[in-house]
Each structure stands twice: as structure tokens, then as C-alpha cells.
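Right after this note come the structures.
Next come two complexes built around chain A: one with chain B, the other with chain C.
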Partner chain A sequence: MSAGALTVPLRTRARRQPGPLRVAWRRPQTKTGALIALLTIALALLGPLLAPHSATQFVGPPFSPASAGAPLGTDYLGRDVLSVTLDGGRSLLWMAFAATTLGVGVGIALGMIAAYSRNLLDDLIMRLLDVLYAFPYIVLVLLFVSLLGSNQALIVLLVGVGWLPGVARTTRGITLEVITRDFVNAAAIIGIPRRTILVREVLPNLSTPLMVEYALRLTWSVGLISALSFLGFGVQPPASDWGLMINQNRDGLAANPWCVLAPIICIALFAIGTNLIADGISRSVAGIDREILP
Partner chain B sequence: MSCVEVSQLRVELSGVRADIVDDVSFEIEHGEIVALVGESGSGKSTIGNALLGFARRGARIASGRVEIDGLSVLELGPPALRRARGRTVAYIPQDPSAALNPALRIGRQLEEGLERHNPQLSGAQRGEAIAAGLSEVDLPNGREFLRRYPHQLSGGQQQRIAIAMAFLLRPSVIVLDEPTTGLDVTTQRRVIETVRQLCERHGTSALYVTHDLSVVANLADRILVAYAGRIVETGPIDAVFAEPAHPYTRRLLAALPDVGSRRGLEPIPGRAPAPRARPSGCAFRERCEFAIGACATAPPAPVELPGGRSVRCLRVHELPSSAGLSPAPARAIPAQDTILIVRDLIASYGQHRVLHDVRFALGSHECLALVGESGSGKTTLARSIVGLLSSWQGEIVYAGGPLAPQVRARSSLIRRELQYVFQNPYSSLNPRRTIGDALSLPIEHFFHLRGRARRERIAGALERVSLPAAYADRYPDQLSGGERQRAAIARALVCQPRVLICDEVTSALDVSVQAAIVKLLHELQLEQGLALLFVTHDLALVRSIAQRVIVMHAGRIVETGETDAVLTQPSHEYTHRLLADTPRLVPAPTEPGVPVS
Partner chain C sequence: MSISLRPGGRARRSAFGRARGREPDRSRPRSGVGARWILRRIALGVVVVWGCSVLIFFALHALPSDPAQAILGKQATPQALAHLRSFLGLDRPVISQYLSWLGNLLQGHLGRSYATQQPVTVELMPALEDSLCLLAATAAISIPLAILLGALTALRRDGVLDRGSLFVSLLLTAVPEFVIGIVLVIVFATVVWRVLPAVALLPAHADPFSHPRQLALPVLTLVLAVVPYLYRLVRGTMIDVLESEYVTMARLKGLSEWTVVMRHALPNALIPVTQASAIIMSYLLGGIVVVEYVFGYPGIGTLLTQAISSRDIPTIEVVSIVLTAGVVLFNLTADVLTVLLTPKLRTGGQA
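== the complex of A and B ==
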């Protein structure tokens, strides 16, 4: 009889339930999103290699329309819009990724610690973040940038800190649910240190919802950083940047729309791509399209 | 003509054409209560749902006929189906707390069905009907009660609301889907009693879907046994219980604990096949001790037996007559020392005291059962001992020394020797980590083993609980419920414990799987000299596993003693009541001198 108990499970092939990421990937929208986001990133990274001109080279009179030498016309200084656009993505994307990684990483740590301690430390962390939440954030960023002067590292830091309250709150909520599960108790009763429990047992269960968080914050980081550049607090001329381009060229919108449209399309594509990915993952985490197996 | 006629019903997984249930035919006479019994994955709920013309998402009723009072349910369009549901065929769900709308008052929810199906009734008439319906299920029917919300009622009251709601419209047949699962035995008995009375009074037929054979033993007239989407045996319930014919029914009954007698529980080897992995021919043949080559060729047709019975087994006439329910020999308690003493334990949640001066002792090689209904404080007690709850007063002495309340204040040796197995194996194993990872955690923590030594330790522990060593690389969702619980037990065993606290470890499992876990724990107790504190709500299970038993009620220990003595000659009134409410496979002999509660 015990032989039977051993052989039968071996013969029945056990299939893993597809994880939320795989379910998300099955949606064509998610694949489209990934494709768009990757294309935009590739454009930003490889762009300077493909550009017909240098981003600082003058190729014609300002705001001249599309021609053979400048396929998208020229900007307010007479530079080739296509070349500037191809060159202007790196700083934005670099800053957006860095700020998001910083904000989401620290936010996750704070949220998990708050949730697992559930004592004075929890209150302290969350109330401090609430204070941060209470400020109109863009005003706060502008204040610091105007006080300390604009540089990319400062903007990364400020934008990252801006995401802390939201990320920490979300993380704390999910963690509170996970730590009530018995596998956390099972580790606690044999005396596994709290840090090990958080990293080895709890964190893997947060990863999927937090990927949604990351993708959303990334989109918002792109928006916020290009807004700062547009307002003149971000990347400084003569460096090229999508946000800055919109600001500099808006006077010539009628003469050569491409000098504003090109960076807008790039930012929008990146935002749409990451949003589609985030949407796919969050749908599969929420189980909206889940097949029900008996 | 029968009230319900189901013929050739087939429900498929949509898309893949694999059958969830197939070739299901049965009838229910007017006023008859039929039990549909099966383990998880047997398709029993799918059959119950099909009576309402419903298939859950991902499933599709592919073919067959369901006739209720001459109404062909599967051919109705959506408006006609809406009229039939509730009025012709009603449904009582498993979990009333999920089925009742938490945002609507009870009175409103009871009224909805009447408004839709009997629009000619005036408000006063509806009120009268509801009042009468509530008194039928022994609930108060005043305005105050009707204005309550579901969360203001107990689980038993909620289930009786659901029953009243179903009977209000006087349907011809009621489908009950595990209506007492999750309820205490006392509440369960009252719910079953109510269902039986109402069916009798109104001549209503019922299909009672359950995994629990002992619940229906005293309720149903006939039984349908489902396995892998087929009805494998039908017949009058007493005849099937007295002499089960199908090999599966035999094994199912042999796996069932009974409070009336000590039984050695025999698990069914292997596991029930999933819809897409069912073998050709007879679906049970891979687990059947009587299987022959012919069993693989085609699904066996029903064989009629005398007495209105029918069995889907080729060899039904050749099988030896079933042994019936055999009692197991009593087990002697080995001579032993006391390893764990609890003295005057008091525990509270805020102002609410849940344990009052609890005291008992656990022998170093015994299995001590801790029995009580939900809210009796048994889980609080178990969690206090292991250190998951630290806000208690009193004294717990382990191996001669007092235990600190905080688990982190205890020595590594104590944490290693005192192990705990959780109720629900679906939440006690981390879904994102393999079984091997789960077992590595205590091995690294206590023994600092790495590499090959660790792998060997894991393989040894898995082997001890009858799991293949290859399972170390699997994730929990690749294991069945019983296999998960084995893995959880293996995780406790790698610590080389002396005391194993088992908190309702089988309550989330099927009976055949429960039998295997109980057997495993019993072997561990004998072979490794483990002391077991077996927390459960199931007196029948206690009879099969424990040498001594503690009965808890409202945070106090009301009775302690050797299992057989307590279960045959209970001294406390509460134990009497609990025993009387626990369903039995064979009706209890009326004992003289037992006071009627």
C-alpha cells in the first residue's frame, strides 16, 4: 500500500499554476506595452548612434520645416529636431529609472519594517511619511531646486523621496496581509531573525504587486522630471532633453510642430508602454481574467 | 414521476473539452433527501449547480437533461431560468457569511425573493410569510431581529436564515452545498434537524452535497457516491453503509473515523485524478486493489443490485463481501515521564478572557487530544504553548524548566524540540518557495548544515512522510492538500522535536487524506517516541488517534481522562452534549443511566 502511495503521485504530472507574471504576459496588451517601452528605451540609448547630425550642430535657420537635411525640421536654435530628440532621451530615462528605483526600494523597506514592527516604529515611520504626503510635492521640489541649484542627482533624490509615502503605504498594506499567514508564524516559532523572515519569506510574496508599483512610479517619474525640465529646473541647456525641448520650442509650434511633437510622442510612448505592462500585471494579480479550474 | 430526473449530464472545462462530470444520471423522488457524497475534485458541487442550470466560470454544461417537475432546466432561456431558480429549485450555499449581503438587513434580504417571485403579495402578506418562515427555523421573527445585519448573527443563525430564505418560496427541490461545513457539531445537528423537518413538512426534495459521510448517515434516504466526475454507487443509505459495494465506497468508509468505536483508519493510496488527468476506463482503477486488465478498456456501466442499488464496477459480483466497520485494538499507553505541564494558564484578548486557569500535563510519548468547539480556547492554548501568543499568565513547564512566553526568549534547544503543525497547509507553506527551501530554513537554523548534508536531511524527512525526494524541488501549488500537510509535518520533523503540537491538522483535508495523516502521526508517535498534542473539534477523530483526551469549553477544561473512558462514560454534562451531537455512522446504542440533556 505504501508503494502505491509513492508511485501514483509520480505518474500524475504536476503542473504549476501559472504565476501572475505569466498570466499577465498572455495578454496581448502587456506584450504591446513591453514592445513600446523597449522601443523607446532603445531609441533613447542607441539614438545618438543613429542621429544624422550632432545634437549641438546648427543645420539651418530656426524653426524651418522638414527638409532632406533635417527630416523633422529644425528647432529654436536651428538644430536638427530628429538628432536632438534621439539624443534627449538618455538623461530623462536615466533620471526616471534612478529616482524610481531609489523611491520604490527605500519605500518597500520602510513599509515592510513598519508593517512587521507594528509598534512605535510603525507609527513613527508612517506619520513622518504622512507629513511628506501633506506637501504639494512639486512645490517642495521647486523650493529645494531653487535653494540648492539644479543638478541631476538632486532631482533624482527629490523625485525618489517623493514616491516614498505612497510606496511605503502600499507595501505596508500588502505586508500586513502576508505576515498573518502561517508560514511566517512557522518561521517565527523556530526563532528565525526578523530580518531573515522579511527578506526570505515575506519579500518574494510582495514582488508582483510591487512590480505594478514600480511601473506606475516610473511613468510618473518621467512625467515629473520632464515637467521640471519644462519649467526650467531640470536639465540645463545646451544639453538636450525631451522635457526641455518642449519648453524651448513651444514658441515655434506653428512654424515647425515637430520640434514639440517629437519629444511629446517619445514621452507618451514610454508612458503608455509602462502603463500597459503595469495594467497587465495588476489585472492578473487581482485575478480579473483568471480561468477557474476545478 | 420523480421530482428530479437527471440523465446523461456532462459538464466540461470550456475550451479543452475535458470532462468535469460525465454520464451522471439519477432521480430524486418527491420528498426524498438524497446525499451526494464525494471528495474534493469529485465534481459533486458541479452536479449540484447543474440542477440550477448553472456552471461556474471556466465550465460548460455540454449535454444531458435535468428535469425538475417536468421543467427542462437546461433548455430554459435566461428569463425562464431566473423564474425557476428559487421557485422551482433553490440553493443553500456552503458559507452563509459569504452568501448573505453584508450591507443589507436580514429582513430586506428575505423579502427580495418574495417580491420577485410572488409580486401579487402585499407588504403585510410578505411580512407574515417571513415571520412564519423564521419561526420554522427557530429564529426570532420580531422587527428588531429583521433589522439586523448578517454580521450581527452567529454562523448557525446565518445558515438558518439561508435555509429560511430557500424554503420561503416553497421550491420543489433544494440543493444544499456543504451547508454545515465550518459549523460546530451542536450547530450542525440543529441545522440538519431543521432541514429534515422542513423537507418533511413541505414535501420538499433535497440534494445534500457533502464530503462528510457521517453527517448524512442519519439524514438522507439515499446516497450517491461521486468519484472523478462519475456516480460510482447509489442505493439506500443504510444498505450502502452496512455493505458498501464499490471498491471506492469501501475504502472511503474504512477511512472514516467514528465516535462510536475506535477504528484504525485506512487511507486510500494515491490521489484523486484531476479532470484532465483521469485514466481511461474506470477512473478508480489505479487506486483499486481489485483492478484487472478489463478495467482499463471502458468506463464500467452501472450494474443493478437488489434493493434499488446500482454500482459502476465490472467486478461487483466477484468481490469478497465487504468487511464492514472493524474496530481496532485498544492501544496501551507506554510508561512515560511528563514532558509538558501547564499550570493555571490565563490568557486574554484585551478585556476578554479566553483561558481560565487551564492546567494539564502531557506525557513524553503519549497522544493527548485537546477537544473543543470553535471559541473554546483550544487554539489559544496551543499557540500560547508554542510561543505565538505571549500575553498569558500562569506557568508552562517544559522538561523541568519554565517556558518564557516570548518565543525569542526561549533557548534554541526548546524552540527546536517544541514543534507546531498548522491547520491549513495552504497557508503554512510559502507559495513562492520550494518544499526544499521550506525544510532548509530549520535545518540551516538549528544544525548549520549546507550542501549535501542538508540535501540528505531533506530527503530523509520527505521519505519519512512518504513523499518522494524529488518533491524538494516542487512548489506548494504543485502538491495536493494532503501532500502539503505531509511537507509541513516534514518541516517540523527535521527539527527532531520531542513534542509536536498539531492544530486541527486534518480539518482542511478530505477524509481519505485525513486518514493518511492520522496514520502517519500515529506511526511517528510510536516509532520516534514523539509526544503529540492533537488539537481538534472532531470527537470521532479523537477516538482513532488519542490515548487521553481533554475537553475544553468556554476557556476551561471540563473533563480529562483516557479516551475510551471519556467517550463511553462522560462525566461532564458538556461532554455528554458534544457526544450526542456528533454524528455517528451507526446509531448509538441507548445506554441506560445517561441523562438526557
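== the complex of A and C ==
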């Protein structure tokens, strides 16, 4: 009798509920999303090794259709579209990952500090971020990029700063809810310093919603950075990336559609992949549809 | 992390002092909304626009770029550069430049464009009109469409339409607007069919609504970018409302499904949608910059990208401030509409 009573807590511990990530992984859209995103990343990273030509080599007249030497035809300068596409993903992807990591990381810190302090500092942080939130962000990015010259590090910084208000707001909201729970109180009662409480007790509870944030912001970073480069404020010729390729080759759309289709497919695949992951995680957490406005 | 630990005595009482209990929501009125609350929001909006004007002005004037050099080109003599700088007032301290610029702005003098030497308003006003036409057409199509689609998918949950729309919306929310625009150009203007013009070049001083073929693709791009967000919001709130007690009550009374949906469910589901629509409009103000560029549409976004590439600082400043003011205005509208439409907030939480 007493032995049976003893085993009960052990057994419940062994049959613990699967974590949100495991639940998310069971959803088909998460798996599909991860597959698509990894495929695009692999394409961008390994692409230069697989490319039949150099990204700056002229292989034929401009906008010539697909041939044996150039499987997807040539672009506006007569370069091989396949090789340029395989070469043009790295800068976009590293910039998107760097900007997202910067924005989400600093945003979490600001949100937790704001929720934690709940005084003048809270007001100050949140009002400043409100001003940033009120700004049509692409205008600010365009402004700085055009004035300071197109510099990849600058674009990463600006795009990252653009995600701060949203991430900080979400983090602050969840933190305010988590710190009223009993286990946080308990940790405070046994004398754990607040800083440690925030990192060890509160942060793990934020991890799943923040993963959704990360995947969503990654999708939007890809959109914003490729749009900047489409507008001509990103990488400068002769270097090329997927966004710039679309703009450069627009005039030859009728002659060789592949020179625009190839970069479009790459951008769309990566963005859709990360968006599917975000959707999979958020549904496994909330059980309902997420409604997040940009 | 610059967190200072509070004295232990307070920490022992409760983990996070003031954080316990209900969080007073500062964005909402506490007791009885009235003109005072709305005025406060307007004042806050003015402060935000002013803050942005400071940011834009000092960014443009403190950053290392010389408009005189940009206007005269690389061959300009130092004398000519100095002359132009003093003509434009660029040799004065930034603060005094800002004050005189702000003073002129408040009196309605928006400055002269460096590129055309004409008052900024000459180019701004027609561009603003064209952009507003674009926004109005987008809103007029996307809001009813989102409500219809959201209500239908909520009523036939997990049906073919619902699953199909969710899938398409996942794709459309992921890809950037300019990609949607280019795909539309491929489908409707070049490769597949050639039924619509790929560029939306309007004749000068033309009313965009009298050129529906030119307007079609830019509007369709913006609609496709916006409807996925809006319709999912309608669907979500509609599902909540349909599961509520008063809808069950209405059904138990024996009302027809049509009456239940149109009289009881939909009006309540639309309250968050009014707010979201205003927010979506402010989001579109950023979206039109890229979409106008894709189609060469002569709106305020094209004006901005052109001004940026020609370093036309007075135009950049005015366009940025107009866009900011638009965002603030739409967000303000969203807040006011929410308060006016929600009885609980209108009466300060007593309802």
C-alpha cells in the first residue's frame, strides 16, 4: 500500500506532458516548414560550390532563354541565372538571421526590464518604443541607408531595431503575467535574487511565445531586407542578391522569365518555410489561430 | 542589465511588489471616456509626430552628407559650394535651422525642393492624392472581402473553403509585398496573360479612378497583402462569438440562422475588426512605398524613393512627416473607434 503510494509521483513524472516544441513538431506544417527552410539555407550556403559558372562570368547574350550552357538562361548582363541565384542567397540569409537575433534578443531584455522595474524606467522604455512603433518603419530604414550609404551591418542594425517595439511589448505582457505566479513567489521567499529569478524562472516560461516571435520576425526580416535590396539600397552591383536580381531583370521578363522567377521562388520558399514553423509552434501553444499584426 | 535590487524587506512581502494584482491599463480610459481622454490621445499623437520630426530633421542634417555637393555634382568649385550652402542656410547651426524649418512648417511653408526648385507642395499634393486613391480603393475592397471570407470560414469551420483560405493566407503573409506584385506582373501583364499594364503610369493631374486598368494591379497587390491578416481576425472573433451564450440563446429562441448571424453574431465580431482595419491602414502606409515603386505609380512612395536617390532633403522631410502623421492618425482612429464601439470601455468597466 505504502509502496504504491510512493511510486505514484515517480510515474507521473515519467509520463510528463510533452513540451510545446515536441507538440509543434507533430504538426505537418512544422515539419514541412522546417524542411523548406533548411532546403533554402542549404541552397544558399552550398550554392556557390554547385554553381556551373562564376557569378560574374558572362556566358551569352543578355536575356537569352534556357540552353545547355545556362540551364535557366541568362540575366540582363548575360550571366548565368542559375549561378547568380545560387550565389545570391548568403548575404540575404545572414543579414536576416543577424537582424532577427539582434532585435529579438534586445527586445526580450528591454521587455523584461520594463516589466520588472514597473516605474519610471518602464514608462520611459515603453513610450520610446511607442514612438518607434508609430513610424512607418521602412521610411526610417530607407532614410538612414540612403544617407549613410548601403552597408550590410547598418541594414542589420536598422532592421533589428525595427523589431524592438513589438518584441518588447510581447515580452513585457507575458512577463507581467508570469511574475504573479506562485513559483516566482516561492523563489522570492527562499531568497533567490530577482535577477536570477528573471533568468532562471521567468525566461523559460517565455521561451515558446518568443520562439514564435523569432520565426515570424525572421520571415519579416527576409521580406524587409529583400525589399531594401530590391529598391537598390542593399548590395551594390556587380554583387547581386535575390532582391536586387528581381529588380535588375524585370525588363527581360518576357524574354527569359527564369531570371526573375528563380530569385522569387527562393525568397518565397524561405519566407514560407519560416512562416509555417511559426504557425506550427503558435498553434501547438495556443490551440487556436494566432492573430499578430505586423 | 541595469536592474538594481530592491531592499530585501519588500521582496519578502511579494516577489514583484507592485506587479501583483491587476495591471492598470494605461492605454484605456479608467472611468468614463469623454472628450478629455480623446484630447489626451490627440496630444500624445502630436508629441509623437513632433518627436519623429526631430528625429528626421537631425538625422538628415547631422549625418555626413552634403546636399550642396549632391546638387552641384563633383566638379563644383569650393566657392560655388559655399555660396549654395549659405543660400540654403546650411552654414547655420543645426538648432537654428531646425527652429526656422519648424516655424515655416507650422505656417504652411513646406520648403522648396532641392531638385526642382519649386515648393514641395507642388509635387506633394498630387502624389498624396494618388496615394490616398490607392489606399481608399484597397480599403474599399479588402475590408468587405475580409469580413465576408472571415464570416463564411467561421460558419463552415474546417470546411474546404476554410482549409483552403488558411493555407493561402499562410503563403501570402509570408512573402513580401513586392514579390506578390512581381508575381502579379508575371501572371497578368507579361508572361502568362497580357491583360493589364505592368506599370501604372498615370498622366499628370489625372484622377486615378478614371484609369481603373492602371490601378488594378497595385490595388490587387495591396489587397492580397492585407486580406489574410484581416480575414483571420474576423474568423477568430466570429468563432468566439458563435460559441458565446447569447448566440446559443438566440438559436434556442428559434431564430433563423440568418438572423442569428446577421443580427447577433456578426455585429459583435466586427468590433475588433474596426480597430484592426485602422491599424492595417497605417501598415499600408509603409507598404505603398515598395508597391508604388514596383508599378511606377506616381504616389507619395515614389516621391520618397525619388527624393532619397536625389538627396532632396526638404522633400524627404515633408514626405516622412506626412507618412508618420498618417500612421499616428490611423492608430488614433483605431483607439477612438474601439472605445466608442465597446460598451464596457465606454462606461469605464461597469457594464
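Methods note: the second predicted complex is superposed on the first by the 274 of 294 C-alpha atoms of A that agree within 3 Å, B and C clash if a C-alpha of one lies under 4 Å from a C-alpha of the other, contacts with A are read in each partner's own complex, and residues count from 1 in each chain.
In this section, contacts are C-beta pairs under 8 Å (C-beta built on N, C-alpha and C of every residue); 3 or more make two chains touch, one makes a residue touch a chain.
These figures come from a predicted structure and were not determined experimentally.
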Exercise. Identify the partner contact of A:185: answer first if only chain B is touched, second if only chain C is, both if each is, neither if none is.
Key: both
Self-check item: Larger contact residue set on chain A - chain B or chain C
Solution: C
Self-check item: Which of chain B and chain C A:146 touches, first, second, both or neither
Solution: second
Quiz item: Does the superposition put A:34 against chain B (first), chain C (second), both, or neither?
Solution: neither
Quiz item: Which holds for A:77: it touches chain B only (first), chain C only (second), both, or neither?
Solution: neither
Quiz item: Thinking of the overlay built on chain A, is A:205 touched by chain B (first), by chain C (second), by both, or by neither?
Solution: first
Quiz item: With the two structures laid over each other on chain A, which partner does A:66 touch: chain B (first), chain C (second), both, or neither?
Solution: neither
Exercise. Based on the superposed arrangement, let me know which partner A:154 touches: chain B (first), chain C (second), both, or neither?
Key: neither
Exercise. Mind working out whether A:106 is in touch with chain B, chain C, both or neither, as first, second, both or neither?
Key: neither
Exercise. Indicate the residue numbers of chain A shared between its chain B interface and its chain C interface, in ascending order.
Key: 185, 187-189, 191, 291, 293-294
Exercise. Spell out the residues on chain A that touch chain C in their complex, using ranges where they run on.
Key: 29, 109, 113, 115-118, 130-131, 134-140, 142-144, 146-148, 176, 179-180, 184-185, 187-189, 191, 193-195, 197-198, 219, 222-224, 226-227, 230-232, 246, 250, 253-254, 257, 260-261, 264, 267-268, 271-272, 274-276, 279, 288-289, 291, 293-294
Practice problem: Going by the contact rule at the top, pick out the chain A residues touching chain B in the complex. | Solution: 1-2, 4-17, 181-183, 185-192, 200-201, 204-205, 207, 291-294
Exercise. In the complex, go through chain C and note every residue touching chain A.
Key: 1-3, 5-6, 8, 11-12, 14-21, 23, 48, 51-52, 55-56, 59-60, 63-65, 166, 170-171, 173-179, 182-183, 185-186, 190-191, 229, 232-233, 235-236, 276, 279-280, 282-283, 285-286, 289-290, 293, 304-305, 308-309, 311, 316, 319-320, 323-324, 326-328, 331
Practice problem: Over in the complex, which chain B residues touch chain A? Could you list them? | Solution: 13, 20, 41, 43, 46, 56-59, 267, 269-271, 273-275, 277, 286-287, 386-388, 407-408, 410, 412, 415-416, 420, 422-424, 427-433, 438, 441-442, 445-446, 466, 468, 470, 474-475, 477-480, 483, 488, 491, 495, 516
